[in-house]
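The same chain A turns up in both complexes below, where it pairs with chain B and then with chain C.
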Partner chain A sequence: MLTTIKTVLANIGRGPATSRYPFVEETVPKGFRGKVTYDPSKCIGCKTCVHVCAGKAIKIDEKTDCFDFSVWDGTCTRCQMCENFCPTGAIKVTEEFHNAYLAEDVYKKAHFGNIPYIQCAECKKMIKPLPEVVAQEKLKGENIAYKERSYICPDCRRKAMAKDLMKGLAR
Partner chain B sequence: MSKRVYFLPNICAGCEECLEACAREHQGNSLDYIEMVDLYPVPMRCFHCADAPCAQICPTKSIQVTEEGAVVSSSEKCIGCGSCLLVCPFGIPKVDTTKKLMRKCDLCIHRLKEGKIPSCVQNCSLKALQFGDVEEYEANKRKKAAAKLQRTGDSAL
Partner chain C sequence: MLGILKKPLRKMIAGSPWVYRMNTGSCNGCDVELATVALCPRYDTSRFGVKLSGSPKHADIVVITGPMTIRCKDAAYRIFSQIPEPKVVMTVGNCPISGNVFQDSYAVDPPISKHFPVDVSVAGCPPSPWAILDGFVKCIEIWENRIAEKLD
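Moving on, here comes the complex of A and B:
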């Protein structure tokens, strides 16, 4: 009896163990894996995330003039594999933990990204673009030789280069 | 200066023997190209840039510049994203979409380690492809030009 009273008194002194969540700001522990976000300006469309995704929540649909990226929040298992494997850091796991939602909000909870292809100026073939952010981050210094012919596809670029080489020879 | 493959387009006859030789060395995939400019064939292959943009852009660090000066892609690390293909000023890399693998000239690195010259150079029947230093090539050319000048000088006297 005496121990019970002691415990009760001690607990009263300590205060509540839970927090009044909706009314108070809640923090998550370090390394918490929450909702996935996607940055289309960094995506190179390599499909590594599709390959490693455990719940098959990530999809990339390649169409004729664009590719569509989608993450379904309800299917995501929060395994963080996509963030670990994404070579450019386009996918990030946030600390957001509000995982419950109404069925009508399914489409609001999914992430969609649409990246249009660029058209080759010579052969009219559609080519996957290189994100400007990634190019600036990775290419050091004055190494921008590709920029002169960035508007044409690799095959046309090779042909143009061969032509240039022959021109140099004729001179 | 590392050794590279140089080509003399005015000698090349466009027999495509180098493509065949390359395919024999690389499991049936030819990594070289022959581009026709009007009537003249121009053999194109990786130029093995010293400061290669493909090696810089590679997100998985699969493309590396080796000690021999060759720009080599490892098949284990490559994810076939095609970034290298977009930054190459010469348009050389090619992505195998079924295997998700980028393929490009590796300067026959396995042959170089054995002390041999690249397969395309060895099999070029007209010697339009040559393997060596740029300085070596320039020195040879200078010698030839000097000999020519001497001959014309002799005939003038």
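Moving on, here comes the complex of A and C:
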């Protein structure tokens, strides 16, 4: 009897256990995986995220002069694989959990990105651009081989470097 | 007389929507999440008057989980026809929206909006309890409007 009274009194002091969510904003626990956001200024179009996506939420559509990136919230499993494998950090998982929509809004819940190709200065082939942010972050702005020939495609760069090498050998 | 009663009646009916839970081939993730929302005191849905009902004939809100497997399609249609009008349909999880990881399987027939008129969709795999609570709140708004239409 005494223990019961003690427990009851303790619980009165502790306050209600119910979360007051719709009226008061809730903070998510650490490591919560919510909606995916996409930053087109960092994307290099390597398609790693398309390969690892379990729910086929991410699509990259390659066209003649650009590529379209889209991630649809309606089939994303929140596995965080895209963020783990993204080499440049263009995809990020946020802590956003407000996922209740009216049914007609479901197909609007997608991120889109349209990234135009650049043209190789030598062979006029369309190539995916390397954004300046990524060049600074990943290559630290010190990669001389890339810095000199940032406007040409990988094939042309390889040829040019081989030419330089042969020149050096002949000397 | 009925004119005066209409407004309080509307509030009273909208204050206690009963929920019927339909599992059309879900992996149980969304069902567990739904059970924690509806039954446990932490995310108490009784604050909005939401209560799980055992029979489809008492239900006002239908909650559907799962991508609609071919095997349970007939049963789902039969149960859905037993729920009295007006009703509000809410889907929980990504499977009813798109099929999610099962989307190209021969055994499922998503999306649910192909079969039933869906009003509210809660996305997530599984959605967080807070998102499901949001879904219930949205459903109750729609349900109140439906009642008003019916009474007028």
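Annotations for the structure displayed:
Keep in mind that, in the parts below, the second predicted complex is superposed on the first by the 119 of 171 C-alpha atoms of A that agree within 3 Å, B and C clash if a C-alpha of one lies under 4 Å from a C-alpha of the other, contacts with A are read in each partner's own complex, and residues count from 1 in each chain.
Assume a contact is a pair of C-beta atoms (placed from the backbone, for glycine too) under 8 Å apart; a residue touches a chain by one contact, two chains touch by 3 or more.
What you are looking at is a predicted structure, and each value in this text was computed from that prediction instead of being measured.
Residue contacts after overlaying the shared chain place A:Cys76 against chain C, while chain B stays out of touching range.
Touch counts on chain A: comparing chain C and chain B, the chain ahead is B. Of the two partner chains placed by superposition, only chain C is touched by A:Ala103; chain B is not. When both complexes are overlaid on chain A, the residue A:Pro154 reaches chain B alone and has no touch with chain C. In the superposition on chain A, A:Lys140 makes contact with chain B only, not with chain C. By the touch criterion defined above, A:Ile60 reaches neither chain B nor chain C.
When the two complexes are overlaid on their common chain A, residue A:Leu165 makes contact with chain B while staying clear of chain C. Looking at the shared chain after the overlay, A:Pro87 reaches chain B, while chain C stays out of its contact range.
When the two complexes are overlaid on their common chain A, residue A:Val50 makes contact with neither chain B nor chain C.
Shared contact residues on chain A (touching chain B in one structure, chain C in the other): none found. Of all the residues in chain A, the ones that touch chain B in their complex are 44-48, 87-88, 127-130, 134-135, 138-140, 143, 145-146, 148-150, 153-159, 161-163, 165-166, 169. Remark: chain C residues 41-44, 47, 91, 94, 97-101, 103, 113, 118-125, 127-128, 130-135, 137-138 touch chain A in the complex.
Within the complex formed with chain C, the residues of chain A that make contact are 17-19, 21-22, 26, 28, 32, 34, 54-56, 72-78, 97-103, 106, 109.
Looking at the complex, you find that chain B touches chain A at residues 9-10, 33, 35, 37-38, 40, 42, 44, 51, 53, 56-57, 59-60, 79-83, 85-94, 100.
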